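Paired with chain B in one complex and with chain C in the other, chain A is shared by the two complexes that follow.
What follows is the complex of A and B.
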């Protein structure tokens, strides 16, 4: 294996990691936006809450895996549930109002976390070690993120496609009136779907905690990319998010490697603009119509 | 007495009339003696830069409280008129105008990033308000109305680079920096000092402030195989680099020297195996064990026990306010031009970082610089450089010869 082969392997791994992180960071938003048409501008703050949940519980002595995989999603899921009851449920069908309200919510959450933990950088140690490919090395944690993306993908697919709750949820999103006529309580379905989306976002926050700089304002760095990916992906939760995350994640990593990190970002945003111009319904609106 | 509606109205009218006129009566004789001198402050106390701005505010308040406890300046108390710029450049421009036109302050201390300084400096030039910028920065500002009291690359980077090259036992360096004026210009200085020491910069990469994934950057560094990594990364998102670097097994493989790491509280919050061994050079570290430094840290911690880290940002702010106060005392007036002339006459102040003297030609400071290495969540101060002159700015800026000069010189390589 020569040095050129090594760099291709590394670039492949970087791209996989970029795609997997992006997918994890977006899937919760895809559920909330794609299914419920709520533009949740507090998405970045849900990620931040997940990261803080992991940091706080790990520093309090909880095993880091339990913090990331159990505490973060549960905590943010419960926060999502409360927020849905208090705020979001009044805003279904009111797109602009929901944007304004969730933007205010994002400021509130940032403010609360700043007040409690201060405006400084927090973090936990990255678990697992590193491995090398020739002169390059990478972290096993990157592979773990990729594995987690596959697991989340599988769980969302199975729940949506094969369980009764998934069927009810999809039916309610398509036609709440008809679902209600059939004896389903749409209010409850919305509540649980929002909480599930929030929980998945919390999981993503927990998972990036060991490799991110954690501050109350960190959500801002993720929210734009998450929205571009979800809008670029279209309404299909899984196929849409996977295809858009694959496209943008790969372009970001390879583009940054071949040019500079600055142009890497320019290339991503240019691609997004062209994509949304050509496919206003997103990738899944054109190629995977009607799929999950 | 019963309080009827009519009575109440009558009396409250009288009261409010007294309340309105009373200050007028009191203010007249006070104007001569006790009317406060207004010190404007523009610092980010919320948003991404708050961890930098909050300790600066504490230092500013400490300096002003001490001045007032000592009887104020020219027999008048000093009053802070402060605004929280919320890590938002637009608010800097807006509040700068407000300080100049509405509050009519006598001096302004403030600005954190170089971007914020360049947003407000022209405003204070235009409205003739004396301006102090108390932050380490890339150097080169040449403006008679502005005093820069923090360190510049000739005082820190010049010491840092040869030390780090020695440590790395090699001549090649790779620079990673934040993508705005501070990072861009600091990277040039890093390149200059690497070349001056017989080394070579393999590559320089700039990162927008919202980059969080450094996977491809780390692969690029591994491909280039430098002996040394120089970092001018800025902000919370960029600390992710150090963790991803460590998790990729690179920690200890290539030494890191930084002009920004540890200005907030990174050594304290990152795990020791992420931060140990990173080298930095600043005008002040809270670990300095001189009596002045210990007192400064104790005073700030006494008022604000939860202060994260007291860095050069706080010490230079404290020293900046005191230098200005010395200038006012010497001028015997608050008139801007008289104060500038007094400040140019060789004012110095013994602060927490040691003796700080204002230089007439550059309006920068000659001050001590310190070199330190992170060891177990703290800075271990290794070397002290006494009375280092701002020679970078001095090579391009001479306000004695050209008092009307007004620009920021940028190093050409």
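What follows is the complex of A and C.
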């Protein structure tokens, strides 16, 4: 293998990793925004809370895998549950108010975390080691993220498609009145679905904690990315998010490689705006209509 | 109250405000004058969103994009020409053009409210990232170095029109900024009283009905958005004049959030409310800034949440409602006992 081949392999690995992290960061929002139609502008702060949960518990001596895979999703899921009860449930059907309130919430959470932990916190080390492709090196953790994306994808698919809860959740989002008539409590379903979306977001936050810069304001870097991915993907949770994440993640990595990371982002955002203009229903609304 | 007396009262209020502005430098410290100048430039920015959101129904999450573009346009032109006259023109022109372009893309694509919010947010983030990445000698426009995240220091402040050798004193800067605030306010009131303003409100109330009456909602929204962009740009120039400095923070998300908070707190659908909201919130933030007990974000977030949940109309409409209620009580001390039941009144009798 020559050096040119190596660089293509590296680029491919990076693109795969970019797509996988983008999918993980967006899937919670796809449930909360794509399915429940709540514009949760505090999504970035849910990610941040997940990352903090991992960092704080790992620094306190908990095994890093338990922090990432158990504590972060549970903690953010519970936070999501409380927020749904106190705030979100008053805002169903009030689109603009839910945008404003969740923006307020995002500032509030940022403020609380800054007050507790200050502007910086000691990060955690990236677990697993690294391997090399020719003269380039990459870490096994990137492969782990990719595997986790596949696992989450499978879990969401199975739960939504084959379990009773998944069916009830999809039915309630489609027609709350009808499911109430059939003896289901929509209030409870909304609450649990929101908590599930928050929990998945917390998991994503925990998973990126070893590789991201952790500050109280880190959520702002993810919220726009997540929203354009979900909007670009359309309402289907899995097909939409995967297709948009694949498109934007690949463009981001290739654009960053050819220019600089900043211009890579500019290229992604511009593509997203053009895409939304061309396909207002998102990719899944145009190509995978009616699929999960 | 007839329309004539109402107009008279408003003109009287305007006269009081102008006299107040003229008297301020004589009664307060220069530090306070500078702070008021900052508040006034923020109030102009508040008016831009108050107009497009409160009257045009366009919720822009990225009004800072135009504010920042205005600020940078002013700074670049002022550094190149060493004269603020063309710079102020550019500060209004560049953001207006950008708003027109973005508006064409979004309104003519019939993009829904939510997507519009996401797109404006995204554009702001792009501009923030781009402005941040312009550090280095190679990033310059004419003689102006953009300076990346350090921003552009020592930007020439306002001078007498076409006379760069006569820069304005801080007091004169206050007159210009406060004067611009009053002028923008009056201009928007005039627009809203006129035919175009009424169509803008009609489109906000019911887009389909307005288009059935023969108006093109896309064009109306585009024009309103462009006007809003120009006003935000002017606010950017006023802001740079205040600090003689511009940095990528003019594009920051927290400023975007603040503009929305000003309008929500002051009262959506009024012009006076957002101005009051801007001054109030900025005053609170500057007071918080000097101590370390509570974080500014925490307070802003809490304020926004409280207003959305408990006082969704905002301060000015709520106070106006209360005042009218009190006035009503005074005029009729005893409520008429034999008031006809509401249901018995013919529809549209009021």
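The criterion applied here is as follows: the second predicted complex is superposed on the first by the 290 of 292 C-alpha atoms of A that agree within 3 Å, B and C clash if a C-alpha of one lies under 4 Å from a C-alpha of the other, contacts with A are read in each partner's own complex, and residues count from 1 in each chain.
Quick note on the criterion: a residue touches a chain if its C-beta (ideal position, glycine included) is under 8 Å from a C-beta of that chain, and two chains touch if they have at least 3 such contacts.
Being a predicted model, the structure only gives us computed values, none of them experimental.
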**Report entry** Superposition on chain A - do chain B and chain C clash or fit
**Finding:** clash
Report task. Figure out whether A:87 sits in contact with chain B (first) or chain C (second), or with both, or with neither. Result -> second
Query raised in the report: Given the touch rule stated above, what does A:121 touch, chain B (first), chain C (second), both, or neither?
Result: first
Query raised in the report: What is the contact status of A:7 with respect to chain B (first) and chain C (second): first, second, both, or neither?
Result: first
Requested in this report: Report for A:272: first if it touches chain B alone, second if chain C alone, otherwise both or neither.
Outcome: second
Requested in this report: Considering only the touch criterion stated at the top, classify A:260 as touching first (chain B), second (chain C), both, or neither.
Outcome: both
Report task. Could you tell me if A:220 is touching chain B, chain C, both of them or neither one (first, second, both, neither)? Result -> both
Report task. Classify the contacts of A:129 with the two partner chains as first (chain B alone), second (chain C alone), both, or neither. Result -> first
Query raised in the report: Of chain B and chain C, which one touches more residues of chain A?
Result: B
Query raised in the report: Between chain B (first) and chain C (second), which, if any, makes contact with A:39: first, second, both or neither?
Result: second
Requested in this report: Report for A:106: first if it touches chain B alone, second if chain C alone, otherwise both or neither.
Outcome: second
Query - Shared chain A surface residues [contacts with chain B and with chain C] - result: 114, 220, 224, 260, 262, 265
Query raised in the report: Can you list the residues on chain A that touch chain C in the complex?
Result: 39, 87, 90, 95-97, 99-101, 103-112, 114-115, 220, 223-224, 227-228, 231, 260, 262-263, 265-266, 269-270, 272-273, 276-277, 280
Report task. Would you mind writing out the residues of chain B in touch with chain A in their complex? Result -> 46-48, 50-51, 54, 87, 179, 205-208, 210-213, 215-220, 222-223, 225, 235-240, 243-244, 246-250, 264-266, 269-271, 273-274, 306, 308
Requested in this report: Using the touch definition up top, name the residues of chain C that touch chain A in the complex.
Outcome: 59, 105-106, 109-115, 117-119, 121-123, 125-126, 129-130, 132-133, 253-254, 257, 260-261, 264, 294-305, 308-309, 312
Report task. Using the touch rule from the top, collect the residues of chain A that touch chain B in their complex. Result -> 7, 10-11, 13-14, 17-18, 21, 114, 118-126, 128-132, 135-139, 141-142, 208, 210-215, 217-218, 220-222, 224, 252-254, 256-257, 260-262, 264-265
